[in-house]
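First subunit A sits with subunit B, and in the next complex the same chain sits with subunit C.
Let's look at the complex of A and B:
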């Protein structure tokens, strides 16, 4: 559907701009800090530990960790952290203007 | 430029702005997660810090945190990924024959002499036998004296400088062959190694 396509393209443009302006790096650092402070990272590590124990150290792979831990981990991001980051992202995206001549062209 | 104009139009709608921002956030959370997985996976494979069955007390969590940080890949100026300063360290080894401590770079040549193998050793052995009872110049004198001594003398700390001067530029055959490419200069200061009489 045209709407979804358009949405996807817009998201891609926004992401590209965030990367080029350096804001993405800052935002992700902030995100990491918040997630560490609130104990979320420790929680995720514990969940990983459980998966490692269940599957066995020899058999543990990154893929397995991704598959087993990601769904719950995503949900358990605290609302306050989400809100703060979303606000900052919205601000950055709203202020975007790209003066680069990147061949990043969606047709 | 064109793209940003399109985007600006698009996000005038608040729903659109929220949707785009949520996508961005999701991707960022996923990236943070993958980072955690990498650390956990590396720690699991290289350390034992994840071998805990009990439920996570604060102390346990701290131990695991420490464990993960110890396995972490170091990314700092002037250090390699293990956190060490990248200089060439001299590795030491123990000769299985005479049980001396040797620098690794000297180990192979030492073994040649020590075990009586390699290009020079049999030539040296024959020479020693040949010159055992002859008194010539200085170097042969000392060489002479040494020929009478025990195996264990070589394994002492003497004659280190003499030994060092001996390089092996040989590219000819060795056993009993004094012809052709026999390089006199180096071999006159013959290695005082106590060769295995084989």
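Let's look at the complex of A and C:
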């Protein structure tokens, strides 16, 4: 239990460092580009259209859409894209110096 | 999804509190640009309940509270505090807890778009966000007033029309077919992008006439079109082509490009013959540049000049060198220089270093004297559409002859071997790195071309007839013989004699 907490906290710190350095924004842009290039985005758009058609335009909410489409969309991300992003994230995180300030103390 | 209904809760909120809080939250936590704001974002974008920087974090619009959506912490806050609106901190969309969905609001969207554009600009993001086209009320009215719709399917023949021969005008008809099937030119005219520069008499503008021609071709009519207005304009602007005799299709092509180029720039102002200064659609599509390197045979110094080029006129038959040798010597010279048999052979000859001979010495600036030299042409800037002219007609004082030998040409052409960077000519810099660069495992070769039109001449130099093959969609070929349009196979095209060959750059597209 404590390990889980610790992991979660480490991930949180790493994420915040990425935001602060601006790298997170760059990684998001890179991911967006790759997903667009390989056609994933268009695939997901089509999936969304299908869901909207099935559920009906009047009944659809963003939540329903997210619930329906997310699992398959996640799964269909190409391995090469995952690998590339993972590599970049690893590099960025390993370059981070450890921050002593805990973000949880701002209250 | 985003309901098309207006959210009354959002309207009430805007009436009571205005748009300020939305803008502030957006600027501080979504479109961050400074180091300081990034730091603030990193530290503060945490769910107040679970104390973690979660995905789908939402900010309450009424008070300072961040809650995650997935664990419903923002929902709990909304219930207990009776704050029914929250904005998502990834994209700025507003969720209404009363309506139970994300609601669309024009005012907020305007703020979001503005902030995002500003942030993108600061960060130097090259591609701006794509926003789907939404018609204005004016555009909606136009659509309602013009209810006829044309559906373009994969096997639709829209864009194909025959052209009536007005008396030996097959040379013009073929070029018109080639031009109306040049994708970029077609897109330009169908998007109505031409603005006429003829103040005095717009009916004289060849570009306007071209635009009308495209309208005719893509009108869906299948009956042949009679291009008498076009013919009249060409006669007016290119006098040397006037008259009812058969003209050379290549000459017509060049004259047409020239007139179109001039008319794009208007009749006012000085005629600037340098395409480097022109950005008209003709130059954008057809103009490339050739590099000419002259090497002094004595000091090996290289002097390079770059010149614009619209089309490639390629010699056939024995080379000038060969002919000079045969003419000057009575003894039989064994020469291994054969005549070109393919387009590639022609291009190789075109870019081969040529010894300029002792009668054509060039003044070398480093040697400060006249020296023998070699000259070599190569491609510096590739045009989007490469047009090749196989010089089959010899007009010399002694005879008129047509070279009818078969010259094979490919469907796909890679111009890389003829590029200035590849040929190098002692440039020293090994700048062929751009030739083999890869992105995502796919070769970044921007030098590949695809055949889309072929103009053929059948018959003799005195009596002949021009026909054209054009490609529609990706792989459907048609033969255009004046008013007759017939389906053709790609093999038929590649087996044809070939006089004018039109290739366009291949655009890499994903499946």
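By our rule, the second predicted complex is superposed on the first by the 97 of 107 C-alpha atoms of A that agree within 3 Å, B and C clash if a C-alpha of one lies under 4 Å from a C-alpha of the other, contacts with A are read in each partner's own complex, and residues count from 1 in each chain.
The criterion applied here is as follows: a residue touches a chain if its C-beta (ideal position, glycine included) is under 8 Å from a C-beta of that chain, and two chains touch if they have at least 3 such contacts.
Since we're looking at a predicted model, the values are computed, not measured.
K.L.:
Does the superposition put A:93 against subunit B (first), subunit C (second), both, or neither?
P.N.:
first
K.L.:
In the overlaid three-chain picture, which partner chain does A:65 touch, first (subunit B) or second (subunit C), both, or neither?
P.N.:
Both partners.
K.L.:
Counting only touches as set out at the top, which of subunit B and subunit C does A:25 meet: first, second, both, neither?
P.N.:
second
K.L.:
Touching A:38 in the superposition: subunit B (first), subunit C (second), both, neither?
P.N.:
second
K.L.:
Quick one: subunit B or subunit C, who's touching more of subunit A?
P.N.:
Partner with more touched residues of subunit A: B.
K.L.:
Which partner does A:76 contact after superposing on A: first (subunit B), second (subunit C), both, neither?
P.N.:
A:76 contacts neither subunit B nor subunit C.
K.L.:
In the overlay, answer first, second, both or neither for which of subunit B and subunit C A:52 touches.
P.N.:
The answer is both, since A:52 touches subunit B and subunit C.
K.L.:
Considering each complex separately, which residues of subunit A are in contact with subunit B in the first and with subunit C in the second?
P.N.:
Touching subunit B in the first complex and subunit C in the second, residues 15-17, 52, 57, 60-62, 65, 104, 106 of subunit A appear in both lists.
K.L.:
What residues of subunit C sit close enough to touch subunit A in their complex?
P.N.:
Touching subunit A from subunit C are residues 1-2, 35, 38-39, 41-46, 51-53, 93, 100-102, 123, 125, 440-441, 510-511.
K.L.:
Please output the residues of subunit B touching subunit A within their complex, sorted ascending.
P.N.:
1-4, 6-8, 10-11, 16-38, 40-41, 44-45, 50-53, 56, 61, 64-65, 68
K.L.:
Would you mind writing out the residues of subunit A in touch with subunit B in their complex?
P.N.:
6-7, 10-11, 13-18, 24, 27-28, 31-32, 35, 41-42, 44-46, 48-49, 52-53, 57, 60-62, 65-66, 69-70, 73-74, 77, 82, 85-86, 89-90, 93-94, 96-99, 104-106
K.L.:
Under the touch definition given earlier, write down the residues of subunit A that touch subunit C in their complex.
P.N.:
Against subunit C, subunit A makes touches at 8, 12, 15-17, 19-22, 25, 29, 34, 37-39, 52, 57, 60-63, 65, 80, 103-104, 106.
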